[in-house]
């Protein structure tokens, strides 16, 4: 590996790898309080994106992000598809529209808000949003990557004690308490993987 | 118990008892090469006859036998119902028609032949007929009850090595070899029970 | 064993009671609950009556109604009904044109239905019988019970039922029945045994990678135990045997019927249907009609059977004819 | 786990392929196999489209046809289909009167169908949605996903489908859908978990004397685990909760629907139907319509659910209206 490695394909590889090695664990989390498919759902999505990584790497970043989002939406299905898809589509659109002066992380607040609208969810509902909000806070106060990753994982752990109000886990009522939310976990894992990559290969 | 005990109700009680205590075993034999219901079938039949034993005891023997046969036919179903039913109905009819000079065992040959016709079966087909033929032979040469019972049980054991040609066991082909036929077993058990009763309370 | 029931003794009676209540208007109990009959009989039509042990639901009671059966007699679980049940059904449904009994080839069923037929005949009625023997796992030896009757029974009841509805007289109907039977073959596979109400365990136990080939519909063991295979392979094992036994000329129209044994989900039945269909078509037979579902079951046995029936023009016509029963309906 | 399949990856596609082949003439694949539609569309009728994860067969694909759905979109096992599937179905089936999407209330389903609706609306089409939420095991809190949609979905699709067939315009149809949803409640019990293709074990494991009360149709655990009971007791536990949640006045007509989850035999479903019916009648409701069968399943889960739907005269009329689909047929 070398520092001139192209950013997007590298990030895609990193995300693909972390999902591949954690798919079973995500499935198990989802089996406890959902329907057990979050691992295979995320894997299906990440594999399609991975297969297109070179082509995606050749696109301008806004288009690439939108394209990734659309790929996720059309391959994942379930709850994860529209949510992760919306996040990336909105970041791409934000960038293209010149939001946040073209700084990628500055597009996060509006993209996360779009995810919350799509999911009709709030902080504390025990979903991947709880991690997204934590990441957004950390990023906006310009925490270094390692710290952002730590915030994300800690937010995911915080979902353990929550009672789910959204998603399949909400059907379990109090029985959802005591388990980490699978979407929060995948979101923290992806964040960690992205942050590690950015530390190793800081973008020019 | 005393020697003046009425014959038919006593026989019915003896048959009922031997079926009750062997029903599970008969079911197991039938599970191996049939459909597992021979124990419950025989139990259902013997219980209905048992419940009517006093009323049956008050009838003339030919009518009583025919009535028992009809009760078996209308309660057992399956293969055992028509076969045991036909045996008793034909013995009753034989007696009434004066066959064998009114000696019960002399009606056996024609009754057993009727069973064979009803079942379209022959000796060696691995069915209760194999026991009935053995009993008939022993009885006609006036063997004492204990010997009749021994012949019956030995005939039942002989079915173990046979390949079934009739009944559900025939569907198994060679896989039927090595198991005792459930109907042969119930027939030998009933014979044994009847013989023991007749030894203890020889009819006047 | 966990079963939705109140007790083994009342299982069949309570299940039939629920059935009649769920389909009232279409079907009703006969006197003494000895049989279930269609509510409206058709005068002058040959009565078509079937029955057998309980545990095969929806067969036979689910096939009572216009275009199929006039009545069905249910015995205890896996135990043929008794002659008085069948006789009562004959007496209730014979409207003058006689009765045809459709009987699966088991000695118990044959003897009980035969005794009923003899009693009815002694009472002056015309009664005849058709014996269904479609299971290729049980080959006919010269002096044996022969092949047993399994899922092909549905096909016989449908075709005979439609022909009777069309006014076909008893003798012709019996001949059609025999011809239909001769053109039907089936084979089944189980991946789990049946649990009889009141039983303590399954009728047979299979390991996690085993299957039982050539099973019938009474939870009995089949012809051979072997390693579980994927759908293509199992479809091949079943379809090839059935096709071979059918001896139909190339290009003939067939009905392909994939039948679940009680606890096999529809998704898997359809998948197997697709796999079997490829096999059948590769043998130059034309799948002209299809049926997929759990119609001829063995309590909660896991597994399925494949049935092929060669259909000539008459067969197709009677198969397509309107049927209105609790479990089969089309063509109205 | 023994399943009739060639591989977990191809399970859904092969099963749907078999389904379409078994029912060709009635249904066909849309372009790219993104959905299954009825062969003949009716011009000027509101298109009624549903869908969801695979594993609930015969729902929804089995309900495609005259008098019910125009198309159904199937996702991966227990995973909502994607917006492009739903959009393609809308584009194929909208013949000018707009489209009503019938969606079970799961966040995944809601979001994917909603994205499709937005895309279609952006393309100038009229699209509206009805959300089914009949499961009383999942009570609605002020700020939560609310009750999930289970077997009552069949009832909504039947009634909406018939109303659309009668020419009802989109707005009225949506209102009828909402009214219908409000009058349906269900509850389920499992005595064994589901085994997902490719999974190594059942979604949950129950002891030989345990049951899981308040389960949905995705093999997920229910609200509480308890000791297995006899049929009367279970019927009481299910029916009483559903009746209580329904808040229907005495004397009202209801539809009683007993639904198997995939591996519960018909005999047990009918027995439970009888037991439930007693409960319902004891609550002074009139069982005017009935349905018993495994229509809304959870792969091979063992168990069943009870659904009650209050039917007014219109509801009865639309329930009775002709339907001709692979899995529901009557009234022609």
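Note that the chains take the letters A, B, C and D in the order they are written out, and that residue 1 is the start of every chain.
Here is the rule we go by: contacts are C-beta pairs under 8 Å (C-beta built on N, C-alpha and C of every residue); 3 or more make two chains touch, one makes a residue touch a chain.
Since this is a predicted model, take the numbers as computed values, not measurements.
At the far end from subunit D, in terms of centres built from Cα atoms, lies B. With centres defined as mean CA coordinates, subunit C is found 55 Å away from subunit A. Taking each chain's centre as the average of its CA atoms, subunit C and subunit D sit 29 Å apart.
Averaging Cα coordinates per chain places subunit B and subunit C 31 Å apart.
Within subunit A, no positions touching two or more other chains are listed. The complete set of chain-chain contacts reads A-D, B-C, C-D. Residues of subunit C that touch subunit D in their complex: 1-7, 11-12, 14-19, 21-23, 54-55, 57-58, 62, 191-192, 208-209, 211, 228, 230-232, 234, 262-275, 277, 290-292, 294, 297, 299-300, 302, 304, 329-332. Residues 31, 34-37, 40-41, 44, 73-83, 118-120, 122, 165-168, 170-173, 175 of subunit A are the ones that touch subunit D when the two sit in their complex. Within the complex formed with subunit A, the residues of subunit D that make contact are 53, 75-84, 106-108, 111-112, 114-115, 135, 137-139, 141, 143-145, 148, 196, 198-199, 203, 216, 218-221, 223.
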